[in-house]
Structure formats: C-alpha cells, structure tokens
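Shared between the two complexes below is chain A, which has chain B as its partner in the first and chain C in the second.
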Partner chain A sequence: MNPVIEVSQLNKKYGSVEVLKGVDFTITPGSVVGLLGNNGAGKTTLIQAMLGFEDTNFGYCKIFGDTSPDLSANTKHKIGYVPQEAELLPWMKINQIIDYTRSFYQHWDEKLVSQLKKQWQLDNNQIIEKLSVGQKQKLAIILALGHSPELLILDEPVASLDPSSRRQFIRQLIDINIDKGNTILFSTHITSDLERVAADVLILKEGKNYYQGGIDELKEKFIKIYVKSERPLPEDFHVPGIRKRQRIGGHTMLLVEDIARINLDAIKTTYQATIETEQLSLEDIFIEVHA
Partner chain B sequence: MMEWKLFKTTMTTGWIISLFSGLIVLIGLALEILFAIKGSGNQNHQGLSLTFSIFLGVGYSVLFLSYAERLKQMISYRYNQVLPQFRYRLLRVTLVYFGFVFVTPLALLVMFGEMPFSHMLGLTFVCCFLMVTTIVNQVIASVLAMVTSGNIVYEVAKGLKNEDYVALAYLPAPVEYVAAFFILFFVGCFCWIILKLSPSFFAKTDSKITSEKAPFDPFIVKSKLTLFCRRFDLSCYFWILQKVGASLAKPSISLWNYRFHSTRALHYFLLCILIAGYIKDVSYFDILFGSFINIDEAARDIPYSVPSIAIILIAILGVYDSGTTGEFNQMIRFLWLRLRVNGKNTFIKKVYLVAGRKILFETLLSYSIFALIILSINQLEAYFVFFSIAFFIFKLGYFLFFSMLQNQKSSKLIAILTVSMNLVLAVTVMYLFYSAEAFSLVSLATLLIIILMVTLKRFYFQYRQMICS
Partner chain C sequence: MIPIIISPSSGVPIYRQLIEQIRRMVASKNLLGGDQLPSIRQLAVQLEVNPMTISKAYSMLEAEGLLERKRGIGMIVSNQQPEQLPVEQRISLLEPAISKLVSDAKQLDIDCELVIEEVRKSLRNK
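Our next item is the complex of A and B:
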C-alpha cells in the first residue's frame, strides 16, 4: 500500500539553527498518527514543510505521491489543514467564510458543516473578528473538514478548545477515521486526547524522530521495574536501555526504554530479587523521553 | 523615574507612525524656517507659510492621533491603575510632551514672526479637537471632522464667490476668539477624561484592541458601530457577489481587508469633494488647503496652493493603498491548499498576478483622482507632469517600504531607511519644485527609475522565497 505521507531525510535550518535534522517517517492510509514533541522540537516546522508552506534544505516529503511543495490541485484538495492559529478573514461573517471556502471545492459536506456549527454554537451572522480564540479554532476545524479531505493535518487544533468541545472534536475525528478511513496526522501536547484518537505516535526530539510506531507498543517498551532484593544492587549494576535508576526504600526503581532487551530472570536469580513492573502513561513516557 | 517609563511605554507601540509623523513635523518646521529666511518679505512667503502650516498640521495630526490611541490603551489596562498616581503622571507626561513637540516650536515660530498667530491657533485647535474626539470615539471624531471642515469650506467658498458675504458670520465672536475658547474647552475635557473616566470606558472605545486579547480582559469589547463601519462596504461587495450568483472562488477576495475599506472610503470622499467642486464651479481643495487663512488679493493669484495640495494628496494617497503586501501573506496562506492550481510556481504566479492587478487598479484609481484634483486647481502642464512623477515616486517608495516590512528580521532597519528615503524625496521634490526646470524633471524621472528597479528586485527575491515565512 502506497504511503499517504513519505518523509525522508528532511532537514530545515533557520539561519544557523537546525530545526529538523533528517526526519524520516511514513504514514499509511487510514492511520491516525499523533505528533508529539516539546516546544521547539520542530512539529509545526515539519507540518509546514510537508504542506509546502516552508522550504526545506535537504530531503523530501511526498504527499499522495506529489513532492512538496509542488503539490497538484487534486492532492491539495485531498488535504484538510488546521493551523495552530486559525487563519481566517476577520471582516467576514461565519456564513460568508464558509461560502467562500466552499466555492473552491467540488464537494462540500453541508450536513457535517451544519451539524458542527450547531454543536459548537457558531452562529452564521457572527463576525469572525469578534469570535474568541476557541471559536475561531472551531471555525477553522469546520472549514478544514467541510470538503471531506482524505488526509487531515492538525497542528495543535484543540489547544484553545474547552473540554466538552475537545471531546466532541475527538469523537468527530474518530468517526471520520472509522467511517471514511481517512488518514489523520495530529499534533498536540494533550496526550490524553491523543490516546483517545490515535493508534500510532511519532515523537520528535531535538529535530529528529525519536520514535514512530504504535502507542501500545511504546507503552509495552517503556516500563518501570521495581527490584526488591535482600542486598542492595551494586553501584555498577547495569542493564541495556536504562534511563533512570532510583532507590525507594528497599526497592530500586529502574526505568527502561526497551524491556525486551532485559533478561529479568537473570536479575531475579543473580540478586535473589523479586521484580514488579509498571506500565507508564503516554504523558509519563513523553516526560521521561524529554527529561 | 516613573514619568520617563510611562513616556517610553507610550512610545514603544506604534513607533513607526510616531517616527514617521515626527520626522514630517521636524522637516515641516525646518522648511518653514528655511523658506521664511529665504523668502522673507516676498509675496510667496505667505503662501509658503500656509503650505508648511498645512504640512505641519498633517504631521501633528498623525502624531497626536497615534498618541491618543496609545493613551487609551494604557488607561484601559487595569493593572496600570495600581501604579501610584498613574493618571496624574500620565497627564503630566502628556502635557510635557505636547509642550516640547508642539507648543514650544510653534510659539518660537510665532515669536520670530515666521508663522502667523492665526496658523498656530488653527493648528492647536485641530490637534486638541483630534486628541479629545479620538479618545471618546473614532467614528464620532471622523464625522465631526467631516462636518466641521465641510462647513468651513462651504462658508469660505461662499465668501469667495460673493464678496459681500462674510464667512462664518454666524459665530457670536471673531473666529480667533471662538478657536481660543474651543482650545481651552478641549484641553479641559482632555484633562477631565484622562483623570476621571474609568478604564472600561477607554477599553470600549479602543478599536485597536483585538478579540485575541479578550480572554485576558473580559471588559474589553469593540463597539458595534465601529465594527459595522469598518466592514460595511466589504460586506456589501461580498453580498452583491453572492446575490448576483457570481462565482465566489476569487483569489482577490482573500486580499480584502480593513485597509482596503478605508482606502475606498478615502477615494469616495475625495471624489465627492471633487465632483461637488465641479458642480459648484469652485475648487474645494484650493479653498480648503490653500486660501482660507488671511490671504490677500495679490497673494491669491500665486499658485502656492498647487504644491500644498499636491504634497498633502501625495502623502495621503501615496501611503494609503500601498499596504497590499501586508495582506499578501494572508492571501497565500489562505489559498495555497484551496486554489485549484498545480504546483507551487503556478500558484505563486497566479497570486502575484492577482495582487499585481489589485495594486495596479488601486494605484491608477488613486492617480486618476489625484490628477483630476491637480487639474481642477491648475491647468499648467508642467505642474501636472511634475506632480504626476512625484506621485509615482512616493507611491513606489511607500510600496517598497511596506513590502520590505514583510521581512521581519530587517524590518526595523528597513523602516528607518525607507522613511529617511521618503523624507529625502520629499525635500528633493520641494527643492526641485522651487527651481522648476527641465533638469528637475529629469532628476525625478531618474529617481523614479531607481525606485522601480529596487522594487522589482525586491519582488524577484520575494518570488523566490518560500510561500510563507
């Protein structure tokens, strides 16, 4: 199956600052991928470069087989994009900007647009300039969903939404993904939202992709191990992929990034220890990755 | 010292406008003195003095309008109120600032006989009026300004047509006394407004506080009237397009903005005055800008009003519709994924074409109005050619200024350089006008070509840049 997005060795510099340092990843049709990373990790730059808003220094990005930024009209119309800050025309009323946006597309899902407007209490005659930040974001989401895009790229779309609107939006994304099999790339800092909607995650760290894969696989790999033994573990005790080691009372806590590489039975036997494991939440993993 | 901090705060926002209008004022003062020394005792002196008083009036108006806007913002922020004696200190700072930049230079000019007292009175009246009305409501300020100036123009026009008619005779006292009374009244109002009115009053009347800031201060709301006026004609055009069933998929719509609205309003305003003048067989521009303060019969024939009107119009029309590049990025970002074109290059060509067409249309419209006004006050071909070239020089200068401001890294430096360039041009235009010969036209044409080349180069680089930075 051809990937919807294919990014290879993507490099982007702003002056002497290297924001993206050879990012590689692919996204297959129908998948929902969350894009995680600290502030300044390069999430927005990556999205902008993929969509052709930003030039790159090296590498390439293909969307539906077209190399960015030379995207064909057909490809562009398959994309729905919600930027971090809603880019709207402030003098227009809500119905005017919807009419204006609709005029560019051959297909427009009037039912979905009306339903979302109603759900989010957006009135046709409200002037965009007078909307709150959250309302503008809701409108931007509606405009991005209106033409039923095959690929949705969302750059922190829920940051300014209230919790109930966030829930509704997440439910909407799930419906879109399940009903139509659309692909979604979703950048956010709210990991709980991500866990609700996304099966896969792409973690960017210092301009590089640190991890790409399933959220469940990531959780299975990143594990806290509590070792309780008769005698304390020696100073030079080492296991592969250890990220943190801490003594808590009679226990030693080990945080490992790939439990498959560790022979737990050997530790048990060598140190006559009992071992307990604990899975981390996505948020905890995110914090540990960036610690 | 808190006063100094307050002063610095009032100057940090909108500093380009302050710098630009401040430089206009400075150059106006310098030219006033220069020409006064050069042409003392000459008939031209009176006309020149009037011309530069108007020049100063424009500069001071912009300076004080922008200052009043910042005062409003400072008072509207509630946390400023906790500063000890904030209002009194702000008033003190304002009065010192006014005394320093306005009263002192004008008083000196009057004392040394380089400016008639009536001009100073007129300038003070205009500035006080603008300061107070801008703080209360911009829309009311605009309407009052239009009614007042329209009434004065009508009265003076009637007086010129009919020698028996005494202009503004309905006033209970001589014009100077009435002006002085109103100046005192406005100063009193200003002090009262600054010291007594609540912060929420200022927030309500502040049209520059955007809705993005609303979550941080729920008391800030934009007046419905302001919103209605700002977007009325844009909405009308869009509504007409919808009603006639025209395709809305026009890239140019994403270039529409509030500046477009105000430019169009200015065009309508100037056109109305022009047409009214043709109907009544009198040039309102000539009267408004050139003849209504103490001009004797002999001086009335001197075409001093031509340069004064031309300079004002060039300054206004030149700066007004040159801001299209500001909306260019907005247009690109809004349309990039929506417009049905293949590839980036085709897209960029398309949007450049749309923006270019709009700029050309706006420039030609402005130029047509400008040319009609100049022709209505003077038929001499030399003047017409001269000011046409000057118009395009200023237009390109401002255009360059706005397009370069898009590059945020060097925007401050470019702003200073371009403002300086415009001022040098202004001085050159003035100098060349007073030694008007074929040489001056050649010089202006050369300047025009240089600016054109720089503008094209800038566009070439912008074209090669990414779609949006």
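Our next item is the complex of A and C:
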C-alpha cells in the first residue's frame, strides 16, 4: 500500500535555529496517528512544511505522491486541515462561511455538516467575530470535514474545547475512521485522547523523531525498572536501550526502550539485586523522555 | 451492551485490558459458548477507542481459541472452550495484582502475616 504521507530527512531552519533536524516517517492509509511533542518541538512547523506553507532546507515530504509544496489540485481536495488558530473570515456569519467553503469543492457532506452544527450548538446566524475560541475551533473542524477529505491533518484541534466537546470530537474521528477508512494525523497535548483514538504515535523531541510506532508497543516496551542492590550499581553498568537513568537513594531507575531485550534474571544474580518493573501511561512516558 | 470498562491512561495497553476482561467474562460464565460479541464498530463506538485496537484484541482471542469468527454473524464465544488452564498458569495471571499488593503493603509498613490474614478473610467472605 502506498503511504499517504512520506517524510524523509526533513530539515528546517529559521535563521540559525534548526527546528526540524532530519525527520523521517511514513503514514499508511487508514491509520490514526498522534503527533506529540513539547512546545517548540517542531510539531506545527512539521505540519506546515508538509502542507507546503513553509519551505524547507533539506529533505522532502510527499502527500498522495505529490511533493510539497507542489501539491496538485486533486491532492489538495483530498486533504482537510485544521490549523492551531483557525483563520476564519471574522465578518461572516456561520452559514455564510459554510457556503463559501462549500463553493470550493465538488463534493460536500451536507448531512455531516448540519449534524455537527447541531451537536455543537452553532447557529447559522452567529457572526464569527463574536464566537468564543472553542466555538471557532469547532467551526474550523466542521469546515475541514465538509468535503469528506481522505486525509485529515489537525494541529491541536481540541486545545480550546471543553471535555464534553472533546469527547464528541473524538467520537467523530472514530466514526469517520471506521466509515471511510480516512487517514488522520493530529497533534495534541492531551495524551488520554491520543490513547483512545490513535493507534500510532510520533513523538517529536528537539526536532527529531524520538519514537514512531504503535502506542500499545510503546507501552509494552518502554518500561521503568527499579534495581535495588546492596551495593549501588557500578557507573559503567549497561544494558541495551537505556533511555534514561536516575539514582534514587539505593535504587537505580532505568527507563528502557525494549524490556524484552533485557535479561532481568542476569542482573538479579550478578548484582544480588531485587527488581521491580513499572508500566507507564503515555503521559508518563512522554514526561519521562522529556525530563 | 457488554460490561467492559477500559482505562486509556493506564500503563496497560487498551487491547490487553480488553483481552483480560473478555477472558474473565468467559471464565466466570458471564459469556457462554455461542454468545455473540459486539461488532468491532459497536465496541469501538461504545468504548470510544480506535477500531484497530478492538480488532487486535478479537484476533488474539480468536488465535487463542476463545472466540470464533462466524460468517455473517461476527465474533462468537467458542463452544469448545480450551481446557481450563493449569493452576500454575492461572496463578501467574494473579501476579500483577500480587506484586501491587506486596508493594502497597510495604509502603504502608504492614506486617506480612497481617496482610496474609486480611487476604484470607477477604477470600472467605467471597
């Protein structure tokens, strides 16, 4: 299956500041991928470079086979995008901006649009300028879903939504993913939403991809190990794939990237140690890798 | 509606939570041979999780022989349940709960005999 998105060695500098330092990843059709990263990790820059809003210094990004920024009209029609801060025409009424957006597309899902409008209590005659940040975000989501895009790219779509609207939005994403097999890439800080809706995650750290793969695999492999021994572990103690190491009193805490590669019994006998392991939530893993 | 409760922010992957709960429902006869499971879609919508997660759990339970895919119907509980696991394996399923209990008891500084006594009491009451 051809990937929907293919990013290779993508590099982006603002002046002398390197924001993306060679990011590689592919996204296959029908997958739901969460993009995680601290503020300033390069999430928005990555999304904007992918869509061709930003030029890049090295590497490439392909969407449906077209190389950014030269995306064909056909490809653009297959993409739905919700930016972090929706740029909506402030003087328009809700029904006007919906009509205006619809005029750009051959296909428009009336039913979905009016259903979401109702669910999210957006009234046709409201003027955009008067909407709250959350309402604007909802409207931007509706506008991006209207033409039934095959690929949805959302930059922190739920940041300003209240918890119940967030849930509705998550349900909506699951629905369109099941119904139409759409591909969804979205960045967020709310890891519990990602754990529900996304099967895969891409963690950006300091402009590089730190991890790409299944959330399940991440949780099963990234394990915290506490080693407690009579004498502290030697400085040069080593096991494969240590992502973090910390000494807490007599314990050594290790965060390892693949528990299956580590022979815990050997550590127990060699250092006469007791070992405890701890599984982590996505949020815990995220915090650990950034601490 | 099938009474499954998942906690997305747990360290245990969602598909593992699903497998565990379905296994228990079969073991406790809350699900019987021939019973139909919700479709992937229904369960994904009910639990608000990615359908891939549900399908992964179902496939693994199918491979185990606990569930069967029946054409036109979907997933059902196998009529021929695998023999009950040997007691050692069933005990190993308790391992996570035991290690949690042990570490909690240590933190609270409760004597080992007292903990065992409490467990005994609790078992007798069930």
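Quick note on the criterion: the second predicted complex is superposed on the first by the 259 of 291 C-alpha atoms of A that agree within 3 Å, B and C clash if a C-alpha of one lies under 4 Å from a C-alpha of the other, contacts with A are read in each partner's own complex, and residues count from 1 in each chain.
Methods note: contacts are C-beta pairs under 8 Å (C-beta built on N, C-alpha and C of every residue); 3 or more make two chains touch, one makes a residue touch a chain.
No experiment lies behind these values; they were computed from the predicted model shown.
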### Query
So, A:24: does it touch chain B (first), chain C (second), both, or neither?
neither
### Task
Answer with first, second, both or neither: which of chain B and chain C does A:52 touch in the superposed model?
first
### Residue contacts with chain A in the superposition, chain B compared against chain C
B
### Message
Applying the document's definition of touch, where does A:162 land relative to chain B and chain C: first, second, both, or neither?
### Response
neither
### Task
Look at A:123 in the shared chain and tell me whether it touches chain B only, chain C only, both, or neither; answer first, second, both or neither.
neither
### Message
Quick check on the superposed pair: does A:133 touch chain B, chain C, both, or neither? Answer first, second, both or neither.
### Response
first
### Task
Go through the superposed model and pick first if A:110 touches only chain B, second if only chain C, both, or neither.
neither
#### Entry: First, second, both or neither for A:258, with chain B first and chain C second
neither
### Message
With the touch criterion stated at the top, can you tell me which chain A residues are shared between the chain B interface and the chain C interface?
### Response
none
### Task
Write out the stretch or stretches of chain B touching chain A in their complex.
210-212, 214-215, 222, 227, 230-231, 234-235, 238, 242, 247-249, 253-254, 256-258, 261, 330, 333-345, 465-469
### Message
Quick check on the complex: what are the chain A residues that touch chain B?
### Response
51-55, 69-73, 76-77, 79, 81, 83, 87-93, 96, 99-105, 127, 129-133
### Message
List the residues on chain A that touch chain C in their complex, please.
### Response
31-32, 167, 170-171, 174-175, 177-178, 191-192, 195-199, 215-216, 219-220, 276, 278-284
### Task
Please name which positions on chain C make contact with chain A in the complex.
8-16, 41, 44-45, 48-53, 56, 99, 103
